[in-house]
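Alright, structures below, take your time with them.
Shared between the two complexes below is subunit A, which has subunit B as its partner in the first and subunit C in the second.
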Partner chain A sequence: MGSRALAAFGLRFLLPVLAALVVGGLLLLAFGADPIGYYATVVERGLLSPIGLQASVTRSAPLLLIAAGLIVAFRAGLWNLGADGQFLLAAVFVAAVAPPLAGRVPHWLMLPAAFAVGAAVAALWSLVPALLKALEGVNEIVSTLMASFLGVSLANVLIKLPFNDPTTTVPQTATLAVDQRLARFPGTTVHWGVLLGLVAVIAVHLLLERTAFGLRLRVLGENPRAARHVGLPVRRLTVAAFALSAGLIGLAGAVEVLGVQGSLRADWNPAYGLLVVPLVFLARLNGWATIATVLFFAVLMIGGESAARRTGVPTYYLLVQVALMLLAFAAVRAVEARRGRG
Partner chain B sequence: MSGAAPAAEPPAVVLKGLTRRFPGVLAADAVSLEIRAGEVHALLGENGAGKSTLIGLLSGLLQPDAGEIRVDGRPVTIASPRAARRLGIGTVHQKLLLVPSLTALENLLLGAPWWRPVDRRGALRRFEALRGLLAAAVPPDVPVGRLALGQQQQVEIMRALWHGERILLLDEPTAMLTPEGVRELAAVIGRLRAQGLAVVLITHKLGEAFDLADRVSVLRRGRVVGALSPAEVATLDRRAATARVIGWMFGRTEAQGGEVPLRPRPPVDRSGPPLLDLRMASVRGEAGEPALRDLSLRLWPGEVVGVAGVDGNGQTQLAEALAGQRPLSGGALILDGRDVSALGVAGRRAAGVRYLTDDRLGEGSVATLPLSLNLLLERIGQPPFWRRGLPQDRPIAENARHLIAAHDVRAPSEATPAGSLSGGNLQKLLLAREADPAARLLILNKPTTGLDLQATRRTRALIRAGGGTAGAALLVVSNELDELLETCDRIAVMEGGRICGIVDAGPGAEAAVGRLMLADRAA
Partner chain C sequence: MEGLASPAFLAALLAGMVTAAVPLLLAGLGEQISEKAGVLNIGLEGMMLFGAYAGFWTAWQSGSFALGFAAGAAAGVATALVMALLCVRLALDQIVVGIGLTLAGEGATALLHHFQLSRSYPRLEAVATWPVPGLADLPVLGRAFFDRSPLVYLAVLLPFAILLVFRRLQFGLNLQAAGDRPAALDAAGVSVTATRTAAVLLTGGLAGLGGAYLSTVGAGLFVPFMTNGAGFIAIVLAMLARGRPLNVLWGALLFGLCLALTTAVQVAGLAVPTDVVQMLPFAAVLVVLVLFGRRAGLPAALGRPYRRGEE
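Coming up: the complex of A and B.
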């Protein structure tokens, strides 16, 4: 990297990140918290301590899969904002089928079956918004959000009624035995779902950049009228992009159940879906950059959860931090665009 | 002619050695020009000659790399469009920049600072004053989307002069106007000149330049290569002036190449079955569009048929219906003896239909994708460019290089994004994509819009030679009658979504088409 490229990297990446941290720090100060102490705790607990680092990496597994799903949809110009409903429904069905399956079929068969169930449930849940968009042109931002609310509620009902484990006192699904869950890397708490997430993001990136199918999706996303003009099967592509997007998000639900949770309680909703949206935009829908932003955010999340207990700054502050970064990146871009014009 | 008055008064704007580079291009190369009050100054040049760059530099959208701009004798920096307006320079861009759902008056008030209350009465007074100045028939309280294009342009001119600007830049103002609109614009320009404004006019059409301008400057590859003074414009006869300008624009040899008389088109054999048989076709119109009603049209192999008519009488709907972008609501489309009415765009393409759209940016291209992929949008996934779903970079690039060279698309490379091409070059790119030897029916919607003289000539020659196809039928939609007369065997005239007559090309065709267009309008 030459000094010029280094300067450009500093200007485009380090400067906005630093600016966002400084502004965020001033906000913390204004609310009476110690920003240095807070940031130090976040970094120490999320990145530097072995347990924290492992938790951060583990947390990134579902986030990466959701990011992969969002990138597919967004680059096809389809605003799938229903990730939370798709994620939760997939998770609930996986939590319902995995424990009984685990007793009947071998582990190597149970896992793919559970993943398939997760992907299929989420893809099916996306079918209504997808068809409404493809056939009637109904705005998918609205329909996916609505489907998401319904999906979250339905997941809750499913846990309380049909999938409830009667042996427990609180409403929750049957628990998947620990030895039936996703294997961990030796000597760590990190399960191999993280690899699945990494592979999914990279695969989606290559699919979009280096295949005919991906190019069709990009044409649809960049200029839907051109897609129609050149005779692309717009309806089929719309449904396919939605199914692929939701399917990947469903895998995220499966990974979270099979790798971490083991069973689901009613009212459990981590709402990862909308958290990941700014991350893929920070990465400008680029797969490699998305891996970086997701890992970064996973560290913030884990560190922030610890810091919340220690310093009293609520975890929601992390969203403020991410929003500040988005604004800072946008500001740098605007300045660049203005200079380029002059 | 060149009396003492202009010499006594300093020019309104002076450009001295103005230079602007873009990656790989010297768009303005030490340009020096004088723009005088009370004078219409036409800038001529082919696509990419640097005309729009000069407009950009004068209107504050671009900054020069070197050189000087003087306004009223003072050197100035035009840092932004707002700065340009403060210096009294108003611009009407090629694309209309009006909000269609707002009225003319509301559009004109958009530039006002947000903290200042809207002074409707004052604005209306200014509107009336400008309307009187332009002698324009524009209602202040109708959404501009409902106005004719010529009227919308008059609103743009009013906006450019809203704060009393004395220098008016018009970037290809006639490109989208009907002949009637051009006449109105000419009258407006004449009145502004009489009021002592300086007008800069960019155009591709020599005739317009000589009709409207006092002074003509010719640009080529970013340099001023020739100019006609007011005395010369007034005294030279049209032919001599045209020959000189064309000589400057293209160099001598090319200018003379254009004088070669056209070979007559070979006779069309209509004894066999028609290649295209459109039978009583109907298409529903969307809001504000004419529907097509009971339209019948037959084209034989090797034939070129033109579609004439005033813009907005169903020409584009016909083209889109043939291409499969609009379903037929009645009737049938028979291609090579096969009923293809039910097929969509992809199916029609497979049957040999190719469609050059007139909406190059809106649907013809994907701005962010490179030229190489834009040339293959209709063939994504097909060999030899893709194999097992994966792109084959070398065939893709070679195909692009070949077409870019063959159609003289001026671009740094095939990896350039389509969005950075000028309008004329994008048009060439799309023509390169659709002029496919495998085509059976080639539909060309306004094929020479935005092209310079040389490219227009080449494109018309290509159409006369069958559009690069092997014996396909060609349908050419155009609102330039001379283009249809030059290229077509027959010309159909459309009015209100119907074909009201078909004329054989040849002596007397112009009058016959004119009669059809006028007769149906009067009815």
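Coming up: the complex of A and C.
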């Protein structure tokens, strides 16, 4: 890395992150918490301890898949902010389908079938906002958000009624046997869904940078008028981008059920969707940089969950942290734009 | 179980409708002012949450609802100040900043709740009402419309006042120009930055006030994430209202009814799971978008920062 590239990396990534950590630390101080102790616990529990590090890497699996989905949509100029509903509905259907399938078909067939169900459910759920955008020009920010709230409630209804496991007292789906879940790397708790996440982010990156379809999506994103002018099928591209975006987010739901949860309880909603948005922006929608920001954030998340138990700073602090990163990122970009115009 | 058509049930439903509609109305009118001036405010949910927390905390500490409302509006304005600085002055991406403010509102108010309220779980008494003489005793309608806190009457009058501003005042015309033809406003010697800043701050104040009403009067307590999408519903209301304040009023009442149904059905003891009923408002928004989305008229320069000399 040359010195200019290093400086650019520092400005683009380290500066917003450091600013967020410092401002967030001052906030903790204002609340009477100990920021140094908090951050030390986060690093120790999320990165330095072997169990924590494995948990962080495992957590990055769904985050990477969501990030891949968001990059597709954002590069195509489509604000898919409905990731939470797409993720949860996919997870619920996978949790409903996988256990009964596991007893009937071989493992190598059950897993792809379950992944396909997850991707298909999420893609279908994105169809209403996609069609509204493609045919009626309805702003997709509000339609995806509304579909997301609706999807989260629908997922709960499904867990409590049709997919409920009658043998348990709490409302939850049937549990997938541990030997039927995603295999783990030998000697670790990390399942191979992490590889799927890495492959997805890289594949999306190459798709956008190296293929004609990717170029069309980028043209649509950067200048919809020009896209129409050169005769691109804007409506079909819009629906395709939405389906691909939501499908990847659906895979995230599948990976979480097949790799970690095994079953879903009612009212479980990790709300990863809006948390990943700042991470892909911080990475400038670049696949390689996204892997770094997601891994970094997974450490903050796992460490933060541990620190919540030990230091009494609740995990809500993560929301403040990503919000600060996003605002700092926006400010850095403004500085760059100013310099660029010079 | 009471019959669903009984006067008592209807009275409770209508009262609930108005209570749920007021935050949507205030935030929706705020969003409309911003959108008119060309600023899409996705941070509305965060502004409402900051207003809800500040309003509740102040009303709880001071015992005064009026102070609570003032604090809620002030917290909304303070949040909007960040948006005005970043999006209007520095011309940053409005959607990115809006998402940031929403996340900040969710996280910061949940943290504040954890550190300040989660040991005692304070609640507020019911707000004092100003019954309208003669009308407050009407069956069914009286309790819902004519026996309310003063803020409710003000909120219902507000769309008419804003209509007057949009139609009659120079400031209203400036707002419209800032959204449709910012370059023309600039050429006429009026600052686009100042006009849009004023619009964004007004939005923050109204959203904060709506949030404060939600926590102090609507719920009587603060719960993390208590807006639960109300800010986003308000954005939809503003988009569908096509710049007309009265449409925000009708829309807020309609969605207020949906929200009130979610509680009323449970109170009536119907055997419907809560989650099914909770889907109602969001399903309603999507249906409305499917039916009328095409007609959502938005200003030409919505979402685009203005820089002199660039078109």
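Following the convention adopted for this analysis, the second predicted complex is superposed on the first by the 321 of 342 C-alpha atoms of A that agree within 3 Å, B and C clash if a C-alpha of one lies under 4 Å from a C-alpha of the other, contacts with A are read in each partner's own complex, and residues count from 1 in each chain.
Following the convention adopted for this analysis, contacts are C-beta pairs under 8 Å (C-beta built on N, C-alpha and C of every residue); 3 or more make two chains touch, one makes a residue touch a chain.
This one's a predicted model, so the numbers in the text were calculated from it and none came from an experiment.
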**Prompt:** Quick one: subunit B and subunit C on subunit A, clash or fit?
**Reply:** clash
**Request:** Have a look and say if subunit B or subunit C is in touch with more residues of subunit A.
**Result:** C
**Prompt:** Regarding the shared-chain residue A:P233, is it in contact with subunit B (first), subunit C (second), both, or neither?
**Reply:** first
**Request:** Considering only the touch criterion stated at the top, classify A:A147 as touching first (subunit B), second (subunit C), both, or neither.
**Result:** second
**Message:** Applying the document's definition of touch, where does A:R225 land relative to subunit B and subunit C: first, second, both, or neither?
**Reply:** first
**Request:** Pick one for A:K160: touches subunit B only (first), subunit C only (second), both, or neither.
**Result:** second
**Request:** Look at A:T211 in the shared chain and tell me whether it touches subunit B only, subunit C only, both, or neither; answer first, second, both or neither.
**Result:** first
**Message:** Quick one: is A:L326 in contact with subunit B, with subunit C, with both, or with neither? Answer first, second, both or neither.
**Reply:** second
**subunit B collision site on subunit C, chosen from 2-10, 38-46 or 182-190, when both complexes are overlaid on chain A** = 182-190
**Prompt:** Which residues form the common part of the subunit A surface touched by subunit B and by subunit C?
**Reply:** none
**Asked** Can you name the residues of subunit B that touch subunit A in the complex?
**Response** 61-63, 79, 324-325, 344-346, 348-349, 355, 357, 359, 362-369, 373, 377-378, 380-381, 386, 389-391
**In the complex, subunit A residues that touch subunit B** = 210-213, 215-216, 218-219, 222-223, 225-226, 228-233, 341-342
**Request:** Could you pull out which subunit A residues touch subunit C in their complex?
**Result:** 27, 31-33, 79, 81, 128, 132, 136-139, 141-143, 145-147, 149-150, 153-154, 156-157, 160-161, 274-275, 277-278, 281, 314, 316-324, 326-327, 329-331, 333-334, 337
**Request:** Enumerate the contact residues on subunit C facing subunit A in the complex.
**Result:** 42, 82, 86, 90-93, 95-97, 99-104, 106-108, 110-111, 114-115, 224, 228-229, 232-233, 235-236, 239, 273, 275-276, 278-279, 282-283, 285-286, 289-290, 293-294, 296, 298
